[in-house]
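Each structure below appears as structure tokens.
Paired with chain B in one complex and with chain C in the other, chain A is shared by the two complexes that follow.
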Partner chain A sequence: MKNKSWKPWILLSPSLAAVFFLLVVPVCFVIVYSFWLRAPSGADIPAFQFGNYAKFFEDFFYPSILLTTLRVALETVFLCLIMGYIPAYFFYKTESKLKPFLMIIVMLPFWISFIIRTLSWINILGDSGLINHVLMRIGVIQEPIAMLYNEGAVIMGLLQYLLPFMILNIYVSLDGIDKSLAEAAKSLGCTEWQAFKEVTMPLSLPGVSAGCLLVFVLTCGTYLPPMILGGPGNEMIANLIFKRVIGTLDWPFGSAISAILLILLATIVYTYNRYMGISQIFKTLSNE
Partner chain B sequence: MKKIISGWSLIKIFTLLVYIWMFAPIVAVVILAFNPQQFGSFPMEGFSFKWFVKLSQNSTILDAFKNSLVLGSFTAIFSTAIGVPAAMAFIRYEFRGKEFLNTLLLAPIMIPEVVLGVALLLFIRWLQQPKSFALLLIGHVVLTLPYVLLIVQARLVGIKREYEEAALSLGASPFQTFREITFPLLAPAVFAGMLFAFTISFDDVTATLFWATAQNQTVPVKIFGMLRNSISPEINALGAVMIVLTVSTPLLAGYISRKFAKGSGK
Partner chain C sequence: MVLKQEKDPAFVKFKGIEKRYGKVVAVKKMDLEIPEGSLVTLLGPSGCGKTTLLRMLAGLEEPTHGDIFIKGKRINDTPIHKRNLGIIFQNYALFPHKTIFDNVAFGLKYRSASKAIMKEKVEKALETVRLPGVGDRMPSQLSGGQQQRIALARAIVIEPDVLLMDEPLSALDENLREDMRREIDNLQQALGVTTIFVTHDQREALSMSDKVVVMKDGFIQQEGDPEEVYNNSINHFVADFLGHSNFLNAIVKEKQGDYLSVTLEDNTICLAVPAGTFNKGDKVEMVIRAQKFNLGYRADHVPEQGENVFFGKIKDRSYMGGEVSYFVELENKLVLHAINFVKRSPYRRGDEVFMKVMHEHCRLLKA
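Right after this comes the complex of A and B.
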């Protein structure tokens, strides 16, 4: 028994080494770099000062991008919740033979390239996209309506990317609820709606909150949908980081913005974990 | 009673609408790929394979495909090679700090890719190493490791320890036990983990944009570059190819793993 204690560590060491050197250490570098200075020549000077953070909050420009990010994230979570709960509930309740098939279909987008799914909305929302084409054909409008390159289009792209995560999280939670509970409530005189509101819905909340957290966190770090479907005013925080680091090579400032995003998300995840426990999310993801 | 039925049919209709909403854009990509017209948009003006032919003659895209395949395969191999032992450790052993370490290894799921991208690139820069294929590979291993871990762990929980103990008590060495008992039972999960790692690597854009050089661009990065102008029929054709490839992979894999599972008596 005694010689067994080192065994798990041998099995773990490659993964731990990978995550330590390729994630933990680099993230520490980001934090350290965020205090450095950038010389006018472009060189980075080691220092310990809060200038990069001060620059971020100096005027309204950068914080407004942060606010846009948070607003888009909340809107996406809200829409995802509505568009996700009902299909998840359908899967929970249905006795159709097609259910396994329908569930596979709903998971298919996971496998379809993210960039293809994002750009596919151009074919729908663009000036010569499906909607404008049909509306002009039947004569409702003469000129195409501009539906692309705004916040709505960005949210469309995000929803399509994140909805399967939400449906899966809610469904896993619903699936664990004994259907006889709602039946019992009904036999005691509840209506269908009351039984749902008082019994099923509260019991599904762990899945709902896990889905919301996952969608929120993933939206906050999103880069592609605002780039492809958004206009100049729909920049989100990840776009800003990319521009500062790859575009202007301003590593210290880019690091500081990364650190701000990281701290924000860590606070949210930490608070969530405190009250709800993070394991629900991992449990659901492993079901896929 | 009547009210209940109508409520249920509303749920059904809503679910159907969500399906349509989710798949309409994807279907549109595939349809438009066959549109011979120059601008890659509606209306359809016939049916042609012209853009697929043009695609197959585009050497930069073919190179990108090759890069993606090589990168995805190596990522899948490395990620499962280090992920499977870690999953074994978490499920089969008790040790201090298990919860914490498990969360640490799953953390990359919750960290925005942009931050991962910046962090690793910063580290490489500090080490004064140039961007290279190796950077892309190690980056993708970190990105995919949590998913491999999740899938393999979930599967391992379902494999009874008694099987392994029986083999050990009958005189098999630990390695023999792993090779003869654990691994065959675990194979579908390892396979699924590899497939998942491959897909995530093949699909990744954001972090790859940070790490890739002009020489080792992947397909999604290439598409991103092509999009600068506008959507073209060639992009739709490429999209159609990728949709067909990526949709058939899990379906095929599901079929194979079911065969596997039947073979192992599950």
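Right after this comes the complex of A and C.
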């Protein structure tokens, strides 16, 4: 009998090829570039040296941007978690006929360009934007409040981008929890809240965990919200890469920053996976 | 043993209970009393309201109208966690992230039992369900039958006033179901806990209940002990739902002692027991259980005065191990279902047979 175990791979091969040529190969190029030298004339000279990496850690300027990025990412994860769990839990609990409609509303932002969505916040938060306009009109304030071009605005822009990811991740996890578990807990003496704490919440952790990781990684790599909604001090690491590569055409240094970000995120994902034990939680939950 | 006080015949009481979902009425103005210490089955097809009734007692659904009493106390407004009920769910509903010990101890934790008492009670409960020593395992490490026993242990360890079981055996396979059914039955008798058992499986209902409540479309069709409900089904639905019944249209002819003689569609005359009062000329339905027929080769038939007998040809048969199920086509094309124990050589398709049935096994219902 012929071994046909290779057959399923045919189905996978187009995506594997795409991932390889469009992702793995370019990333390799970036890593190779990160060792090159940049001549004062602006030309890139093939080399193998760690000067670009050393430059990054030369003073506190670049690492501080990296730290800002990590801080903003953690803040975004935290806010997304709180603002995402509540609607996800609502979707899990509700028996309303509106549920499919509301689910579509959650995904609606995906249908609108990210740039447009981000730019539209200027019309809401700007000095002559909606909020300031209304507040001045009804006389609550005399001068417009500066709501744009700060970290708050950046996080706002990140939230509207990332909330759907968080909501859907948590919802999928919640949806897999048998509702009779909470009923059993209540019949054994739990109040609604205690049943949530004892049963529903712990069992939804795989989704929470996956959602947090996704939001964290996506935040670390994003540059549009800080570019459009942030001020000079709100630059994140992706903005730095963007500026080096597109702005000053300094490919070697831009590549080195990219590589540093890549290594950092890979380490974080690996550690997270290991200690938060995503796979471990799934193992416990599956019955077979 | 402590002598029990006289048992409350209405330990659990539903009074005029009704449940509507929008326009759909799941349970209609129902009155039901459940005696203390008994095992009562709510039996019916899906959508008959049996689970809704159970969930209202559990506090998982709110009745639209009517009152529910436990031990004479109205519990409509008592939240579920204060009702002190043990619920067994169809899919066991064990907490997958907690050990067996923590699962069983769960209810005790919320009754603020001390560590020592908790440990003692959990161990005792695990012994009761014959699974000692599994405390530190996870639910996923146990088989379906074992998980259901843990669910049972978790429910009884809190010493509930009433044990509610919602189709607890339906997720198990056939052989295991039989064992589990006996086990629940024994356990219930040993503990003497009032138990309400919801099922759509008539065999479960008949074999373990003190009282069977047959439901359909949100109404109680009949309630009584298993023999009563099986042998004296009061209407077509109950007779049809429990066991295998044959229904024959007939017209009442005259009274003959304790029996009524009726004319069937093919003009045969039968004597039957009336379930109710009928007058001459009334249209009725004659019910005969498939097991009550006695079959023989037509050639061997010796006619007797006043016997109930049918003649026909074996149309189909299915061998079921201990018994054979025959479908016999009468001369007027009517097909009767008979189940007989296997004799030396079962009848074959096409055999001409007679089917005799005793008068008391023919019951007349309103058509």
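Please note the rule applied: the second predicted complex is superposed on the first by the 254 of 288 C-alpha atoms of A that agree within 3 Å, B and C clash if a C-alpha of one lies under 4 Å from a C-alpha of the other, contacts with A are read in each partner's own complex, and residues count from 1 in each chain.
We adopt the following convention: a contact is a pair of C-beta atoms (placed from the backbone, for glycine too) under 8 Å apart; a residue touches a chain by one contact, two chains touch by 3 or more.
Nothing here was measured: the structure is a model prediction, and the numbers come from that model.
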Partner chain in contact with A:217 - chain B first, chain C second, else both or neither = first
Which holds for A:81: it touches chain B only (first), chain C only (second), both, or neither?
-> neither
Which holds for A:7: it touches chain B only (first), chain C only (second), both, or neither?
-> first
Return first, second, both or neither, reflecting whether A:33 touches chain B, chain C, both chains, or no partner chain.
-> first
Could you say whether A:199 touches chain B, chain C, both of them, or neither, answering first, second, both or neither?
-> second
After lining up the shared chain so the two structures overlap, which partner does A:70 touch, if you call chain B first and chain C second: first, second, both or neither?
-> neither
With the two structures laid over each other on chain A, which partner does A:178 touch: chain B (first), chain C (second), both, or neither?
-> second
With the two complexes superposed on chain A, say which partner A:186 touches: chain B (first), chain C (second), both, or neither.
-> second
Larger contact residue set on chain A - chain B or chain C | B
Contacts on chain A seen with chain B and repeated with chain C across the two complexes = 285-288
So, in the complex, the side of chain C touching chain A is made of residues 58-60, 79-81, 83, 85-87, 89-91, 93, 95-97, 106-107, 109-111, 138-140, 154, 158
Contact residues on chain B for chain A in the complex?
-> 3-4, 7-8, 11-12, 14-15, 18-19, 21-22, 24-26, 28-29, 32, 39-43, 81-83, 85-86, 88-90, 92-93, 95, 101, 103-123, 125-126, 138-139, 141-142, 145, 147, 149-151, 153-154, 196, 199, 202-203, 205-206, 209-210, 219-220, 223-224, 227, 231, 235-236, 239, 242-243, 246-247, 249-251, 254
Contacts from chain A onto chain C in the complex sit at residues 178, 180-181, 183-191, 194, 198-199, 202-203, 284-288
Within the complex, chain B is touched by chain A residues 4-5, 7-12, 14-16, 18-19, 22-27, 29-30, 33, 83, 86-87, 89-90, 93, 104-106, 108-109, 111-117, 119-124, 126, 128-130, 133, 137, 160, 163, 192-193, 217, 220-224, 227-228, 238, 241-242, 245-246, 251, 254-255, 258, 261-262, 265, 269, 278, 282, 285-288
